[in-house]
Structures are given as C-alpha cells and as structure tokens.
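Look for chain A in each of the two complexes below; its partner is chain B in the first and chain C in the second.
Coming up: the complex of A and B.
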C-alpha cells in the first residue's frame, strides 16, 4: 500500500545543446500511510522538484515510482487517474492556490464537480470538510483576498481532503505563515493524519517543523539523499 | 539619547471603495471602514533598533508606510509623526520627497517585486544619488557655450563618482566584484541577492532612520543570518536608527533594543527583548511565544479579529485564556512601569 520511489534522478536542460544540470541522483525512499517523512535541505537542492515528481507533476529523468506495487510508467489511464487523485500536493503560498476572481465556494466545488458529485452531496461534503478544518461556513462566500493566509492554507488542505487522498506532498506548508498560525496549521495536519491515516511527505527548510511532524527525516544535499530516523 | 522619531496617537483607516462594492459582497462592503492602526504611539531614539512584531494583517506595514507617507490617497491618517521635531504628516509632498531616501529610507518586503525588472541593478542603485543631487544641476545656468562643455565634463565626473559610490555600497553588502553585478537584472538574481541590493540602495545616502519591512520574509536560513550580520554591521558602522518590522521572533530577538508587540492594530506590549522573551506579560505575547518551535508549537485558539469590526473591550478577549468580565466591556490603556508597557487589566 505504500508509495515507493526508486533511484530517482533529475537533470534539467539536457538536450542537444549540452549535458544539462543534474539536480539529484539515485534517490530512493518509501512513504507509509499514516506516517510523515520529512525532507530537508538548503534551497535550490531540488526538494520541491522531488516533491513534484512524487506527486506526478513532473517526470524523473531516470528511476521509477511505485504506487501500490505497480510502477507509474506502466499504468493504464484509469489507474493513473486514481494515482493522481490519491497523491496530492499542497503548496507554499496559499494565496496563489486559489483563483482570485472566484469565490471560495467556486474553487472548492470545482473539485467535487470533477468527481461528478451530485448537488446535495456536494453541499454536505463541503460542510463536513469545513468542520474538519475548523472554519465557519461564511468563508465560502468570500474571495481569496478577503481571507488571511492561515484561513486560505486551511482551505487548501480542505480542498485536497475532498479528494480523499492517501498521500499528500506538503511543500513548505507553513513558511509563508506567521508563527502562531504555523502552529495551528501543524496541529491541524497532525489531527487530519490521525483521523484519516494520510501519509505526508513534508518538505521544509525548518528543522524544528520537520522534527515536530515526522519520525523519519531525509536530507537532500549535493544531489544525494541522506535518510536518518 | 535624543528621540529621533515620535509617533503619537496614530490612526489609519481605509474606506471600502465603490469598486469593491460592485465586485464584492454588497451588503458587507457598503461603507465598511477598516481601521488598520488605532491610537498607536511609539518613539525611536537615535541609534536605537525598535522592532514591531505581530501577526500578518495586524497593521505593522501600515505604520511603516504612514511614516514614509506612502499610503494610498483614500486612506485617512490622524495623529502626529514627529521626525527631528517636524510633523511629517503636515509636510508638502515636495518636502517629503526630499526626506525620502535621504533621511528616512525603507527596505520593502518581497525584494524581487520592489526592484524594477527592466532596469539594471546599477541603474536602480544610482537612483537615490541622481534624485538627491539633481538640485545642483538645476542651479547651473545654461546658455554660454564654453560652460556647456565644462558642464558635460562635470556631469561625466559626477556619473563616475556615482558609479564608484554604487560599487562601494555593493561591496559593503558583500559583493566582491560589484562592477559585474551592476550590469545584472533583478530576474537574474536570487531573492537573497535582491534583498542585499535593496539594502545597498536604501542605505546609499546614509539615512538617519531605516525602516526594514519584513526583511527576512521568504529567505532561507543562511540568507537570514547573512541579513542579520548585514543589519548588525550597518548599526555599528553608521549611526542609523532602525525600525524593524517582522514576524520572525528569533530574528527580532537578536537585533532589537526594544520590541513592540502589535495585535489587531494596537500595541499590546513594549519591552526590551530579554524581558519580553523571558517574562512576557500580555496574554497575547505569551501565546505568541508558546507557538514558537522551541516551545512546542502550542497555538493560540481562534483567529485574529477583522479590523473592520474589532470586538468591544480588549481586542484580544475572544482568544484570551484569563479574561474577566471587565475585559469584554472596557478597553484597557497602555500602562507603563519600569520601562515596560502593557495593555491589559490583569497584568501588574
């Protein structure tokens, strides 16, 4: 049931013109449901790239990802769609994650429409989701600019939860937030994990955050991944 | 030490404009006034670093922009901002333009956005020099042909001296071959580099007061410690006072001489960093410190109130763990004792 990465490598800019730049090489690790794996390292070392590869947003230059014991490259269309639904990604800046011209309700219900959820069911699930993330129903009528960063980050997580993910790649989920809001979001993430058994890959440059959230930690430095418990 | 800047009873409010009414929620936005800063009084002495900390949206940046007189025209600013005995709010735009960059300077948050993407770094760094030395050029009489040649020569000289000043400023912020970087464009450089360019630009004319608005935001740890050394060096080398606005508490602790904590547009506590971090008085300050990583990420329950409709009484009472009946009805004043000030009925 795990999400496994085997010997992943990524090279940018390789083509006819030159050799390109190798970001990382031979990176292997495994994510378990209900557990958090932390990923640290200085900026520019490819943490986010690795996260995007795991979430299926980019393809690796070499290596494979196994989701539930079947490799991503050999997947059929329907299987791949399930993978994309079950593995989600949460980004650093929540203000960029919502369409500024649409009300929150629109951005949230877009996800459910995609899943062909009927109208009444949509309302019920949205209400349930708001309860989980601890926000009042009034926020649905607002525009992203009318909400704080913390509220938007909660909503970004809520929107992901509607898809019932098994794994979430958290790319610096709190680095755009204040310390007090950061603590709230981290506690919320822990609560959601305990309730729904989601596996996290937490990317952060803040060691304290990673230590607080995860048992397993990896350090990406000079293109290599060092894993320590 | 003399007081350099004294802000007294500053009130800044914004009126919800009509455009917003059309697109936004009509009933909510009608005549909605947002009071971003209310009754704020702070003072900065010469060579002192005062830090303003608080959550995003509590009005820290509005204070900085009010001091620089950079708020949009629809904002309503009341109170006094005295800088070297002059009330900045009463100055004309022309007089203010003379002060900006020369006497008071600001480092904006988000360095990549604060720099112009289409001009080179060297061009942008020389801008304060060009603007504040232009007056000399106006005074020169034009007309006589021999003088025109002399003038051209002088201008070339001035440009050269500008260039050397820019390269000296770049060297000061840690670029070993400044001539190369002067030809760079902001998009070629990382956030940390752009941040240092901005510091170089804003300290070019040795301002007496430097306002740093969230200088550490979006930088990773190595860059933050570099920036810290930068600002420390600046304080030691020149006699600049610093108004440091940040929500990074560790950064503030290492740099500030005094810390003012803001919550929902008000100052709730002022103290020196060691006593503030070791024995915070106001319940909000205590909550804020408890949410730090080293104290186990204990969050404050609830969220900060909307500034358009702050709660009656103490603004922190809906989230306060020790509130009494009085807190929900009366508004506490900022009480001063032993060099500390706190806005709470229940604090000694």
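Coming up: the complex of A and C.
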C-alpha cells in the first residue's frame, strides 16, 4: 500500500551535445499512508524536482516509482488513472494555484466533473469540503485575486481532497505565507491527515515546519539523500 | 538687457534716444514672444500632451479615437446601402469631377466613386478579418501544441515556423496570383496561411510560461487531459496577447490586400479599396490628376488600418497597466 521510490536519478540537459547536470543520484525512500516524511536541503538541490517525479509529473532519468507494488512506467491506462488521482501535489505559491480567469466555483466543480460526480452530489461535496477546510461558501463566487494567500492555500488543499488522495506531495506549502497563516495551514494538514490517513511528502527548507509535521526526515544534499528517523 | 543699456549710456544722446526706442520695441517684441511661447506651452500641455509621462493617457485617447473610427468603417461595411448614394455598378457619365450629384465624381466607366468607396469597405475589411482569423487560429494551435508538449514536437513545429517565416510573402503571393485564378477567397487563404508565424511564436512563449504556473501543474496532477488544460486553463490566459496580435494581423492583411490588388492580383469583380486604386492608376486617374478618384481609397485604407492598429495597441497598453508587465 505504499509509494516507493527506488534508485531515482535525474540529469538535466543531457543530450547529443553534453552529459548534462546530475541533480541527484540513487535516491530511494518509501512513503507510508498516514505518515509524513520531511524532505529538506539547500536550494537548488532538486527537492522540488524529486517531488514532481514522485507525483509523476516528470520522469526520472533512471530508477522507478512503485505505487502499490506496481511500477509507474509499466502501468496500464486504468491503473495510471487511479495513480493520477491517489497521488497529488500541492504547490508553493497559492496565488497561482487557481486559474486567474475563472471563479473558484468553476475550478472546483471542474474537478468533480472529472470524477463524474452528478450535479446534486457535487454541491453536497463542495459544501462538505468547505467545512473541512473552514471557509465560508462566499469564496466560491470569487476570483482567485480576490482571496488571500491563506484562503487560496486552503482551497488548493480542499480541491485536492475531493480526489480522495492517498499521498500528497507538499512542495513548500507554507513558505509563501506569513507565520500565523503558516500555523493554520499546518494544523489543517495535520487534522486532515488524522481524519483521512493521507501520507505526506513535505518538502521544505524550514526545519521547524518539518519537525512539527513529521517523524521521518530526509536531507537532500550534494545529490544524495540521507534519512534520519 | 542691462549690458545693452550700459553700453548705450556711453554713446551720444541722439544715438541713445534712437537706441532707447528700438530697445523698447525689442522689449515689447520679446515680451510678446514670451507670451506666445507661454501660450503655446499651455496649449501644448492642455491639448497635445507631448509629455512622455502622459503616454498612457494619450494612448487611451488615441485608442478611443481608433475605436470610433473603426466603428464608423464597420458600419460602412455592414450597411453600405445606407451611406452610398447609388449602387456601385450603376453607370453615369464617365470621368466627371466632384459635383453635388456625385460628391466624389465618377470613374472611367461612369460608376459613382463615393458609392464604390462605401461598398469597398466591406470587401477590404472582410479580407483583413478573414485572413487574420485563419492566421490567428493556425498560430494559436501551433503555438499551444509546441509550448505545451515541448520536446520533439516543439522543435519540429518551431522549425516549420522558421521555414515559413523566411518565405518572402509578397513575391510568393504574386507568383501564386499568376498561376491561380484571381479570387478573393484565394487571397484570404494565402494571406492567412502565410502570416501566422509571429502569432505562433508569441503563443508558444506565453504557453511555456503559463505551463509552469501552479494551476496548470495541479491540473496535470489531477489527471485532466492535455486538451482540457489547453482549452480551459491556458487559452483564457492567452486571450490578452492574442487580441492585439489579431488586430495587427488584420491591419497588415488589409495592407497586403491593397498592395496586391494594386499590382493587379485582386479579384476585379469584388471592388476593394486596393482595386479602386489600381483602376485609378491604370485607367488614367493619376495622369488626369483626378485626386477625387485615387485619394479617397488611399485615405480610407490608411485610416482603417490605423484605427485597427490603435485598438490593438490599446489592448496591449491596458494589459500592461493592469498587470504591470509587457503584454508580450
């Protein structure tokens, strides 16, 4: 039931002309449901790249990702579709988490349409989701530019939760927010984890955030991953 | 002034008297000049706004002017019967000078030039808009595909774009015009098919940028199809770069149509402004100095293209104002 990464390597810019730059090599770790794994390291060491690879947005140069014991590269279409729903990613900048030209309502019902939820069910689930993340229903009628960073980050999490994910890669989810809002988001993440048993991969350069959230912690430095318990 | 007076004081009294009167005159003159300059400056700051800092305000004003002009031409094109005194094919005495019956005179076969001019608006603008639609559509699709998928597809499409970019347009159209039967539809098609490259490049660069935005990445993560992402996430955020480009493509297509028609490659059965110019040239309008024949279509082309370009610039300017970034 876990999400496993085995011997991942990523090299950028390799092609006919050059060998390219190796970002990291032979990175292996495992994510368990209901647990948080922190990933730290200096800027530019490939934390976000690793996150995107785990979430399946980018392909690694070498190595494999196993989701429920089947490798990502050899998945059938239906299998990949479940993986696509069960593993989600949340990004750093809340201001561009939603399409600036569409109302929040549109962005949210779009996800429910993707899941083939019928109309009445859609309203109920949206309301339920808003209750979970603690926002009033008025936000639905707004455009992203009319909401604060904290509200948007909550909504981003809420939208992800509609897909009922098992793992979420959190790419610096709080570093664009100020301290009090950071705490709210982190508490919300913890609450959601306790309720739904989601596994997090928390990427951050803030040690306090990682310590608050996780038991396991990894350090990505000089292309190697060191794991501390 | 003081120096001159001191110098005068050293001279004889008679001379100084003459001098004094001239100085007084010059003082008066100078003060009137100063007054004039001041008035001119006032006038300039009030009416012309040459100050570079007021560029944005000027742009808005020009944009409004462009919109007004464009609406005028659009109405001409949509309901020409309302403005044209006669049918464009009705024949009167040829080569007549402007009179109350024919405000812009008649041409070589006796058609009323004003009526021709009014009916020509529709054809000129149709060619412009239709070919701009084609080129914008092609440019949008190629730009979106290569910007979104990147990699090999991007390189292939952009290579193709570069090839099309270096084809000399007007000579090619002249050659095509020589082989194909001249028709307005072929003109539209050729103009449209050959002017999408800059749009494709801009759409691609903007798509590359939007692709990295959080909402596109999360849409990909949630499993939306590439088509859905392109249509509902990327395209709405491209419109503000596409619109000014579309307007400029329209303007340049109208210019190309006019120059091609002038060269005799236009469709004679559909009299556009360019064809009017061409006839004025070949049927003796220029030699007889019948300015009322060749000047109005030229002025109309210029004004119409200018109004469209101004609207395009206006869109760009507004976007810059709103987002504080260059629209491109």
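Following the convention adopted for this analysis, the second predicted complex is superposed on the first by the 229 of 229 C-alpha atoms of A that agree within 3 Å, B and C clash if a C-alpha of one lies under 4 Å from a C-alpha of the other, contacts with A are read in each partner's own complex, and residues count from 1 in each chain.
Here is the rule we use: a residue touches a chain if its C-beta (ideal position, glycine included) is under 8 Å from a C-beta of that chain, and two chains touch if they have at least 3 such contacts.
Values in this document were obtained by computation on a predicted structure and should not be read as measured data.
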Looking at the combined model built on chain A, do chain B and chain C fit side by side or clash? fit
Report for A:85: first if it touches chain B alone, second if chain C alone, otherwise both or neither. second
Quick test of understanding: once the structures are aligned on A, what is the angle at the Cα centre of chain A formed with chain B and chain C, as a multiple of 10 degrees? 60
Examine A:208 and indicate which partner it touches, taking first as chain B and second as chain C; both and neither are also allowed. first
Quick one: classify A:184 as touching chain B (first), chain C (second), both or neither. first
Does chain B (first) or chain C (second) touch A:105, or do both, or does neither? neither
Who does A:57 touch here: chain B (first), chain C (second), both, or neither? second
Superposed, chain B and chain C have a smallest C-alpha gap in Å of 9
Identify the overlap between the chain B-contacting and the chain C-contacting residues of chain A. none
Along chain B, where are the residues that touch chain A in the complex? 23-25, 55-57, 218, 220-222, 247-249, 287-288, 291-294, 296-300, 303-304
Under the definition above, what is the set of chain A residues touching chain B in their complex? 42-43, 141-143, 146, 148-151, 175-184, 186-187, 205-206, 208-209, 212
Can you list the chain C residues touching chain A in their complex? 213-215, 217-218, 220-224, 232-233, 236-237
Chain C-facing residues of chain A, complex: 55-57, 81, 84-85, 87-94, 96-102, 107, 110-111, 114, 156, 159-160, 163
